[in-house]
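Consider the two complexes below, in which subunit A is the common component and subunit B and subunit C are the respective partners.
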Partner chain A sequence: MPRLRRFALLGAAAVLGIAASVPRPPLPPYAGAYEPQSVDERGLWMQLDEAERTLRDSAFVVKDATLTGYVRAVLCRTVGVERCMGTRVYVIRDPEFNASMTPNGTLVVNTGLFMRVRDEAELAAVLGHEFAHFEQRHGLHRFQHSRSMTDVAAWMGVIAASGASYQIRSAAVDVSHSTIGSIFAFNRDEEREADMLGAKYMLAAGYDPKALPDIWTRAMDEADATSFGRKQKSHRYDRLSFFASHPTNLERATYLRGLVAGMGQGDTGHDALRTAIKPLRGAFIADQLKLNDFGGTEYLFGQLAGDAWDAELLRARGDLYRARGNPRDLVSAAGFYAQAIALDPADADAYRGLGLARLRGGDAQGAEALKRYLALRPDAPDRAMIQALLP
Partner chain B sequence: MTLRKAAPVLALTALLLSGPPAHAGNTLIAKAQAVAVAKSALTITPDREWNKMGARPGRNSETWTLDGDGLNDVTFYGGIETDRTLFREVNKRVKPLPRFSATMLLPDIPALLENSYRIALATPLMTIESVAPCTFAGAKGVTFTYRFTRPDEEVRRKGEGYAAIIAGKLYMATFEAPDIYYYDRDIASFRALAASARIGATPNP
Partner chain C sequence: MRHGLFAAALAACLLAGVPAGAQEKSGSKPGFTLPPGSAKILLIRPSITVGAQSTGGMFEPNADWTAQARDNLGAALAVAQQGLGNAVIVAEEPIGPAATTLAGYRALFSVLADSVIRYQFFPGNRLPTKKRKGAFKWTMGPGVAEIAKGTGCDYALFIFDEDQYGSTGRKLLQVFAAMAYVTVKSGEHRGYAGLVDLRSGDLVWLNADQQMGGDVRTADGAQKRVRQLLENFPGSTPTAAPAAR
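Then we have the complex of A and B:
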C-alpha cells in the first residue's frame, strides 16, 4: 500500500519538524491500519470488539461530542494523526482518576481525569502512556503469557483484565464492571516501557515535559489528603509489594523527573483544557462531592482553584463542609457560601446552602437566606420542602 | 460410585454440614396485620401479602418484595442512630459510607441515600429527582423520588422514599423497581405500606 506508507512518512516528518530544535528520542515505526495477526491476537480482538459494542451502548458513556472530540484531538496531536486513526475514544462517567486502552484500540477516559489534570500537556501525558501500551501490544503479551499457563480461570480473568490501564489512587476502586477498563493488566517493566514511550510522544508533540512527573506528585498528595481526612495512615511511596503491577508513584515521579530534566519548556495548553471542560465542570464537581472523601476533595478543590477561588468552587467547598456537618464545619460552610455570594450575588444555590448550613447549625437567620433562594429561583424543584423549613 | 451418582449424596451432606441455606430466613408477611419492621418501633400494616427477605441490608433495616428484590424492593430503615450508616459498609477503609446525624435537616436525608447508593453500588448514575414535604409515621417528613442504574446490569430503576427523623433517629421506607413495567405496577402497593407506617403501635392487636 504505497499511499498509506507515504502518509506515514509525512506524519513522521511533521512530528519530527516540531521537535527539530532539540534532539528527541525517535519514535518506533508505525504500520498504519492494523489487523490482528496471530490466532491469539484475533481471539483477543474478537472478545474486545464484543466488549466495545457493550460499552458503546452503556448508560455510563458521556455522550458529549465536544468533550470526546477534544480528547480525540489531544490524542491525535500527541501520537500523530496516523496513529490515532486506529482508536476510538469513550469518556465514561466515573469520578475516579483513571484511563485505559485495550489492545483493539478502545480508549476509555474517566470523567475524574479531567478534574485532576491541570493542563492539556498532562492530559497528553496520560493519553500517550495509554497509547504506548496499545502500540507495544502489552495486552497481547499478558494474554499469551496467561494462556501458556493453561489455567482456565486465569485465562478467563485475563480477557477481563486485558484493558490497558493504570490506577493512581487506590487499587480497590471498582472500575472492573466493564470488560474494558480494569486494573493490574501489565507488569512493572511494561508500565515503565509505556511511561518512556508516552514521554517520547509528548515531547515529539511539543508538550511541556514537566507535566509527566507533576501528575504523579499531585496523585500522591491527593491520596495523602484522603487518608488524612479519614484518619488513616499515609500510603507508603518508597517501597513496593512483591505483587504490585505498577511502579510506585514516587518511583514514577522520580524517574520521569530524571527523564525530562534539561528538556526545556513546551506548550502546556492550560487554557485549552479549561475551555474544553468548562461546560461540564459543575457536573464533575457534583460527582466528586458525593464520594464522601473530605480530605481528597478539599485538596482537589484547592488545586482547581489555584490562587483564585471562583463562585462555583466556593459553593462546592461549602457543600463539602456542610455534608461533613460538625458544628465548626457548618460555620466554615456558611463562610464559603457567603464568599460565593459576594462574587456572584445571583447564585441561588449558594443562598440555599447558606440557609441550610445556618439552620442546621441552629442559627434562625438561615431562613432569610432560604427566602432569598426561593426569590432567586421561583421554579425551584424543592420549593415546597424549603418552605416547610421556614418558620 | 460414579460422580453423577455421588452428586446428590454430596449435596445432601453439604446441606447437613452447612446448616440452613442463606435464603431460609425468607418469610411470608400476612395481610391486614400490623408488624414491627427493621428491629425497631416502626410498624407497618400491609394491605396485601408480602415476602420478607431473610438477608438484611444492615442491622436496622429489612427488605420486602413481591417477586424478588431485583423486581420490586421495599426497604425499611428503622431507627438509624447518629453516626450510623444506612446499611452495611461495602469497604470501610477505601469507600466508607456517609453517616446519619440527628442534626440533619429533612432535605439532607435524600442526599444521604444518594451518596450511600453511589458509593455502595459504585455508580455515579444515581440522582434524586424530586423532594417534597410529607407526613411519615405520624411525623413531619420528606418524600422523594430517585433514579439509578447499577454498573453491572445497566437496568434503569426508579425509586420513591418516605423519611422522618423522630426522637433523633431516622425512619425511612424506600421502594425501587425497574423503570419498565414493575415500578408503575407496584408503586401503589408501596404507598399503601408507607401510609400505614406508625411508631410504637402495638403489633398484632
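Then we have the complex of A and C:
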C-alpha cells in the first residue's frame, strides 16, 4: 500500500506541470502494446521476453496450428477478445497436468492438460485462472513480496548469529521462519484470488459451472490412484503443508463447489474439445504411458473412455498392462488388444501388442498376430526384431 | 553411524572449499591455433542478464542495465575484433525450422560449457575420461554446422554473461554479518566465451570466469570485461589485446 501511494504521488508530480488532474491508474498488462512501468516490472518483463524467445524456438513446443488456435479461441471466448490480444499461446509437450502464465503474457499449456480436462468448459476454467494471474500482475507481486521477506530473513539470520541474548536470537529465528512461511502463504492467497477471477470470466462466457470444482475432484482421484498403484500413502487434503504453493485440491474443490451451488447448466463444449485433440491424442497417450504410473494412467484411461472404450484407448490399455508384465497382466493385455482389433481390424499396433503379449505369456499363437502386424505395416521400423521372434 | 556420516559430510564440505581456488579458468584443444586473419567467426546472440542482488540474495533483473550492457558489450566486441585478427560475423535471427535448430544448439552449448566448467576446470572433479594430462576433448557433434549454413563461417563463438550487483542493503548486510563472523557474498559476476569448430563440432576453446571485473553498464567497464572474456583467445597476439583499449 505505501508503495502504491508513493507511485500515485510520483504520477501526480509528473502531470502537475501539464494539468492538475488526478493520475490515472496504471494500464492493465493486456492493453495493446503495453509497456511495463516500474523498475521491477520492466526487469521482470525483460527476463521473460528473453525466456520467451527461447521457448518460441524450443523443440518442446507442439507446433500444431490447429490445436494452438483452438486453445487461443477458448481463451478469447473466456476472457474476451480485447484481453486475449495481449497474450501468446504455447502448447508444450509435457504429460503432467499443468498450465502457466507469465507476467509478460506468455500462456503455456502442457499436453497433459488435454488428457485431463473432460470438456471445453474445464479447459476454459484453467485458462481463466491462468489469465487472472497475468491480469492481476501476480508474478510481479510475488517477486516483490518474496524479496521483502528474504530481506527480513537475511537480517534475522545475522541477528541469530550475533552475540545478542538468547531471547533475542530465538525471536529472530522465529521471525525468519514466519517470513519464509509468508512467501508461500502469499502464493496461496494469489491462487485463491486467481481461482475467483478465473471463475468469474468462465461463468460470464456461459460455460458449465460444474467444470470449476470437478477438475479438482478428479485431480485428487488421479493422485490417489497413482499412490495406490505405487503402494504409497494417499495425499492428505485436509491440511496445508508449510511449503504448499497452492491451496489443497480439496480446498479448491470445496470453495468452487460452494461458489457454483445453485447455478444452472452451462455450455460444456464436450465435443468441441474431443474434436480438437483427436488428431494428437495418440501422441499424448504415448507420453502418458512413459510416465510409468500404472494406477494414475489406468484411472485416466477410464476417465477418457467413459462408458465407451474406443480402439485407440483399448490398445493403450493393453500397452499399459503389457509394460507391467505380470503373467496375469499379459492375459489382460491380450484381451484388450483383441477388443481393439474387434473394433478396428486394421490396427497394426494392436496386432503387434497382441502377438508380443501372447508370446511372452507362452502362447505360440502370438506368432500369427505378429505376422499380421508385418503384413499390415510393410515398412515397420522394427521388422527385423519382430521377424527374429517368428519361428 | 549417523555421527560417522556427519563427519564425512563435514570433511567433504571442507575439502570442497580447498580446490576451488585452484580451479582453472580456460582450456583449449591441444594443438589448436588460429593464425590471425585466417578464419570467419560466427557470433551467436550473446546471453546477457544484468541486475541487482537484493539484501536477501535474490536476483533483481534490471532492464536498463541489461540494455546498456548489451550495447556496451556489443561495441566492445566490435573493437576487440581487431584483437582477434579474424572476421567476426554477427549471426542473424533465423526463422522456421532453422530457429529450432539454433535454439537446440544454444541450449546444448550452455550444457556443454557447464559440464566443462564442472568436470574439466575443477581438477579434483574430473571425469575418468578427462583425466589425461593436457586433454581437452569436448564436442557438440558435426551437426552444429547447420547453424552456420550459408554464412561460410569456420567457427561459432558463444558468449554468456550474468551480472548481479550487490544492492546497498546487501552491502550493509555484508558489513553487519561480518561483525557476527558470518561471510556474506555481495554481487555475482559470471561469464564464459567458447569457440566451436563448425566442421567437426569440437569445442576448441572455452574461457569461463566466475568472478569477473569490469562494470558492463559503462563503456570502459564493458571493454575490460570483453578483454577478460577473450583472454587467451587462440590467435590473439599479446600485443593486440591492449590495442583494443
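Rule of thumb we're sticking to: the second predicted complex is superposed on the first by the 318 of 391 C-alpha atoms of A that agree within 3 Å, B and C clash if a C-alpha of one lies under 4 Å from a C-alpha of the other, contacts with A are read in each partner's own complex, and residues count from 1 in each chain.
Operating definition for what follows: a residue touches a chain if its C-beta (ideal position, glycine included) is under 8 Å from a C-beta of that chain, and two chains touch if they have at least 3 such contacts.
Just so we're clear, the structure is a prediction, and the values are computed from it rather than from any experiment.
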- Task: Tell me which partner A:Leu67 touches in the superposition: subunit B (first), subunit C (second), both or neither.
- Result: neither
- Query: Where does A:Gln47 make contact in the superposed view: on subunit B (first), on subunit C (second), on both, or on neither?
  - Reply: second
- Message: Let me test your reading of the model: by the given contact rule, A:Val39 touches which partner, first (subunit B), second (subunit C), both or neither?
- Response: second
- Query: In the superposed arrangement, does A:Leu212 touch subunit B (first), subunit C (second), both or neither?
  - Reply: neither
- In the superposed arrangement, does A:Ser58 touch subunit B (first), subunit C (second), both or neither? both
- subunit A residues touched by both subunit B and subunit C? 58-59
- subunit A-touching residues of subunit C, taken from the complex the two chains share: 47, 49, 51, 54-58, 60-64, 66-67, 99-100, 102-104, 106-107, 169, 173, 176-177, 179-182, 184
- Item | Touching residues (chain side subunit B, partner subunit A) in the complex | 91, 93-98, 101, 103-108, 111, 114-115, 118-119, 122, 124-125, 130-133, 140, 142, 149, 151-152, 154, 156
- Enumerate the contact residues on subunit A facing subunit B in the complex. 58-60, 93-95, 111, 170, 172-174, 177-178, 230, 232, 287, 290-292, 323, 325, 356, 359-360, 381-382, 384-389
- Message: Please output the residues of subunit A touching subunit C within their complex, sorted ascending.
- Response: 36, 39-40, 42-47, 50, 54, 56-59, 146-147, 149-155, 157-158, 161-163
